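Below, chain A partners chain B and then partners chain C, in two separate complexes.
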Partner chain A sequence: MTARFAFASLRNGQTMAEHSIPVAPEMSSLLDSVAEQCREGRRLANFFGHRASDQPLKLYAVMSDDKANLLWIGAATAGASFPSLTPRCPQAHLFEREIYEQFGCRPQGHPWLKPVRFPARPQSPPIPRNYSFFHMDGEEVHEVAVGPVHAGIIEPGHFRFQCHGEHVFHLEIQLGYQHRGVETLLEHAASGRVPFLAESIAGDTAVGHGLASAMVWESLSDVRVSARAAALRAVALELERLANHVGDLGALGADIGFVPGSAYFGRLRGEFLNLLMELTGNRYGRCFVRPGGVTFDLPETMAESFLKRMKNAQKELQDVSRLFFDTPSVFERLDGVGAVSLNACQELGLVGPAARACGQDHDVRKDHPYGMYRFHHIPTMTADEGDVFARASIRRLEIERSLEFVISQIDNLPQGNLRAACGPLRKQSLAVALVEGWRGEIMHTVITDEEGRISRYKVTDPSFHNWMGLAMALRDQQISDFPLINKSFNLSYAGHDL
Partner chain B sequence: MLTTFIPLGVTLVAAPLVPGLINKTKAAFAGRQGPPLFQLYFDLLKLLNKGAVYSRVTTWIFRAGPIVSLASVIVAALFVPVAGTASLSFSGDIIAFAYLLGLGRFFTVLAALDTGSSFEGMGASREVTFAMFAEPTLFIIFVILARVTGSLSLSSMLTQAPLVGTPSMAGLLALVVFSLFIVCLAENSRIPVDDPATHLELTMIHEVMVLDHGGPDLAFILYGASIKLFVMVAMLAHLVFPMPDGSPVQSGLVFGSLMALITIVIGIVESAMARLRMVRVPRLLMAACMIACFGMIISLR
Partner chain C sequence: MWDLLKAHFKQGHRTSAYPKGPVDFPERFRGRPTVDASKCTDGCQACADACPTGAIQLGTPPKLDLGKCLFCQECVAACPSKAIAYTRDHQMAARTREDLVVSSTEMKLTAALDKKSRELFGRSLKLRQVAAGDCSGCAAELQALNNVVFDLGRFGIQFVASPRHADGLIITGPVTDNMRLALQKTYEAVPAPKLVIAVGACAISGGPFRDSPQAHNGVEGTLPIDLYVPGCPPHPLTILDGLLRLLGRLESGTREEVYQKR
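Up next is the complex of A and B:
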């Protein structure tokens, strides 16, 4: 047996020169190494292609070693096709489909090579739009198609159920309706526009994506963020998490027809959005995190009123959570619905609260700490069942921990400049930034060319990892439970479609 | 002659108030102001002034659905007493009442199937499945009332039952009222069986069957649903408390406050609990049926 192709290690928010990224002699040795690392418990955090001008396509794989707090990176030059990794390592399935769609490099033997989004890159090959959906035969099997236009005001996505009566055998999810070509836009944008574009990748994760983008930028231009700016960033990120988690619990309440739950959680969500607005000037936290720091300070007087309101909200949240989680009919409705096993979770590489609800102890804030999380740890919460109740409980616990964290941060904000100036980017380098957004791991990867311009900007939203988890959660469930299970994941369409 | 139609007239005029009051109660529990009490009247007016859009794949059944179901529920309302008297009453009208409601449902289901939409087909199958459990309960309740009052007309059964005032009768009536209450929730697609407020097609039962109707057709459906709710609440009102013999004003006041009280109770139930999982709904309805059966055994003693 030949020795395994060795990846280079990298930390979250670190830059490395492109020539120091190990390049495998052959595609297969890179893939073998990825498969082997997956078996050892590392996760495939990113797998993407990059074609620098007049050079052949190169594929980069980023592995995450959550125990050792390290990322591992390796690359290889690809031809017109490569042997698919998916049969050995299911986590790769969507990455490989994306590579095929973006660069036309075919993963041979991929079990399900269907389109991810519609092509935006000019060099992409045409993708069959009339894709034939997965389909079951049987006398009493019927198909229910939902979307892409939905009854509520939500994003577009197409869902196809293969059902027998109320029983769902299989759910197929087809997304891509919101494809805006974000990566291409980011690659060609003037540097001042990059943060704005990053914040609009997914409207409900403006702080998360903004922060990841800023971290990449700072890393590439060797800028250090002051302690005060780092603390304020953490406060904004946690407020975003609080608003969304609280909103999600309210939405779960609405889906099961539990009026008080939806009303009270909905009001508290507004409270957190208001706090975010007072801190950043925008209810969704836009235009706050910028490369080098943040745009606004939190003065003493404001901090005091923040503390008071947060502590109020903390008390109210306790009462509302108790009302919601202790009502028997709510428990009965959520318990055991839409379970994902830990095994499926690991095979698919789920991230964020959805993974923690399955018992996967993974959180970027703990595994790859950045900013303020290097000094203040937030305990990671896990559950075992992986059902809707577990996902709701994880949100409840994370809300409590986040509130404690934000209160302690605001209570003793460090001193420092708000924003440092950023110089030009390093040439021919690669930088990686991971952020634990409220949905899970957000990853921004940037490669610069010989003039210090961005030649590849790869965005990986947590939803990209998790949509397949939703499809698995629907197996052998009731079709009437789909809206509830979907809401318990609450994935982003825009973040997936880019 | 004219006075005969006063109970029906009251039903037709006051029916949209019942959903309005339920929504007000729910809003109060949610800490909101909620839509006005008369919102359904405004909605009906708005819908009646609209045009309707019909799919090319539908047939006359789709257009007949709302009309037949509204007509049948109005005719069924003739037999239900309002403040002690019904517009029409004859021996054995309970069968007519039950199957008029059944006819309305049948046409709603046919109209839903006529669209050929998978959602509506799903809703139709759920509706008839749950009706299959609710209907026997209703009949067992009728058997008990017929046995207790010795009458076979709906109005005398409902108005006389609470007057047979022995302690054992009180227990029996409690069983009847409880199971009729659950049937009322199920028949009128309220929580915990169905959620009238949801926008999620996949979880709907009744609402999903009428998704393709618009304009006046939707108005007929909404109006018919409110009459059905009014009628069922009126049945409960007569069972829980005997109507006084005095002037019509007096009995009208008693009836009105009983109606409001029961409506508020429905609103409280909707606010206090989450909807049942769909597979559990038959169990709830079977429990109601069992309770009615116990009642029947007691009444036969």
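Up next is the complex of A and C:
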């Protein structure tokens, strides 16, 4: 047996010269190495293609060793096709479909080689073009199709259920309706427009994506962020997490008809958005994180009022959470619904609260710490059941931990400049940045050309990893529980569709 | 039961005082911007150069297009003479695309619909939301209108499940190519007479996604628009203000006239 193709290690927020990325002699040795590393417990964090001008297509794989706090990268030159990794390593399934859609390079033997986002081409028919959905035959089997326009204020997506009565055998999720061509725009945008595009990848994660984008930029231009700016970024990121987690608990309340929970959590979500507005001038924290630092300070008087409001919210949340989680009918409605096993979670490579609810102890803030999280750790919360109740409980616990973290940060804000100037980007280099957004792992990867311009901008939203988890959670469930299970994941359509 | 009642009592009444009472926005809130051309120096184009979406058209006076504006602080920070400034005024929805272009410290308040439309929609307006490539920011603010603070239902305005139950569409996003057909079909399903409301920079001009080959620079060119609500995303009260003035439930005209009457 030949020796395994060795990947090079790198850390979160690190830049490396393109020539120091190991290139496998053959595609098969790269793929074998990925499959072997997955068996050893590493995760496939990213797998994407890049075609530099007049160069052949190159595929890059980024593995995450969460226990060793390291990332591993390797590449190989691709021809018109390559043997699909998916049968050996299901985590690769959507990445391979994406590579096929973006570059036409075919993963041979892929079990489900369906387009991902259906980018528009002249005269192309609407989604899903000529693709025929998976369907079951049988006298009493029926199909339910919903979307892209739904009943509530939800993003567009199409869902196909194969049912027997209420019982769901299979759910096929069709996305792509929100495809705005974000990666292409990022690759061609003037540098001043990049942060705005990053903040618009998923509007409820403006701070998370803004931060990941700023981190790659700083890494490529050798800029260090001051301790104060790093602390303020962490405050904004946790406020975003708080607003969304609290809002999600409220939405779960609404879906099970527990109106007091929905009303109180809904109002408290607004309290965190208003704190973000107080700090940044925008309820979603837009235009706050910028390459080099942040745009606004948190002066002492404002810090005092923040602390007061945070402590007040903390107390109110304790009361409302107790009311919600101690109500027997709430527990009865959430328990055992939409479960995902730890095995399925690991096979699919789920991330964020959805993975932690299955018992997967992974959190970028702990595994690949960045900024303030290198100095102040937030305990990771896990559950075992992987059902809606577990996903709700994880949110409740993360709300408590985030509140404690933000209060301690504001209480001890370090000194430092708000923003450092960023110079030109390093040439022919690759940089990665990982951020634990409220949905999970956000990854931005940038490759620059010989002029120091962006030649590839790869965005990986946590939803990209997690949509398949929702499809699996629906198996053998009642179709009427779909809204509830969907809400318990609350994935981003825009973040997936880019 | 006892716990529920206790919680309910403790939560109290949280509905916003708007529109009857005052609203208090934080100091950093970026509301309607103003342009003071008298402060401009000849040949200076710092604001236009800094704008990420090309919302500023140079000239005397310079024109700021709120339909393209992302309400960031790039122009404000770049301007050496502080000619552009944000107010804390959240009222800035407009009936026409031209009304969104600001070149002074004044901007007309949203004009009401004609009498017949006001009679039809004034006391009960049902809207169907369509996300057509939005990042979910604007949609989140529309959703927020339903919470206990903004409580849209108290004005007889409601987001409904089906376009067939609706009096109009409220659209977010730059209209991606993949959503265009669904948007057109949803519009056709709404019984006439119907309204179209474009919310956010994307729906008005494409916003940060302007000139993407995958999107259509907003709703214009696909459907006729009756109300434009600028912002990225607009504050829920900006949307509410636009809706109420459109229905003639709040006065329209210039700010000075309206404020003097009070």
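A few comments on the model shown:
One rule holds for everything that comes next: the second predicted complex is superposed on the first by the 489 of 498 C-alpha atoms of A that agree within 3 Å, B and C clash if a C-alpha of one lies under 4 Å from a C-alpha of the other, contacts with A are read in each partner's own complex, and residues count from 1 in each chain.
Simple rule for what comes next: a residue touches a chain if its C-beta (ideal position, glycine included) is under 8 Å from a C-beta of that chain, and two chains touch if they have at least 3 such contacts.
Computed from a predicted structure; not experimentally measured.
Bringing the complexes onto one copy of chain A puts chain B beside chain C with no clash. In the superposition on chain A, A:267 contacts both chain B and chain C. More residues of chain A lie in contact with C than with the other chain of the pair chain B and chain C. Contacts of A:333 after superposition on the shared chain: chain B is touched, whereas chain C is not. Once chain A of one complex is fitted onto chain A of the other, the partner contacts of A:169 are absent, as it touches neither chain B nor chain C. Of the two partner chains placed by the overlay, neither chain B nor chain C lies in contact with A:325.
Chain centres taken from Cα atoms put the angle at chain A, between chain B and chain C, at 60 degrees to the nearest 10. After overlaying the two complexes on the shared chain, residue contacts for A:146 are found with chain B alone; chain C is out of touch. By the touch criterion defined above, A:478 lies against chain B but remains apart from chain C after alignment on the C-alpha atoms of chain A. Nowhere in the superposition do the C-alpha atoms of chain B and chain C come closer than 5 Å.
The interface of chain A with chain B overlaps its interface with chain C at residues 151-152, 260, 263-264, 267.
Residues of chain B that touch chain A in their complex: 26, 29-32, 118-119, 122, 125-126, 191-192, 195, 197-203, 270-280.
Note for the complex: chain C touches chain A at residues 3-4, 7-8, 10-11, 14, 25-26, 28-30, 50, 52-53, 70-74, 86, 128-144, 147-149, 159, 161-163, 173-174, 176-179, 181-182, 186, 202, 207-209, 212-215, 232-233, 235.
The residues of chain A lying in touch with chain C in their complex are 117-120, 126-127, 148-149, 151-156, 176-182, 184-185, 190, 192-193, 196-197, 199-204, 206, 260, 263-264, 266-267, 269-270, 273-274, 277-284, 286-287, 295-296, 319-320, 323, 326, 492-494.
The part of chain A that touches chain B in the complex is made up of residues 142-146, 151-152, 165-166, 253-264, 267, 327, 329-330, 332-333, 337, 478-484.
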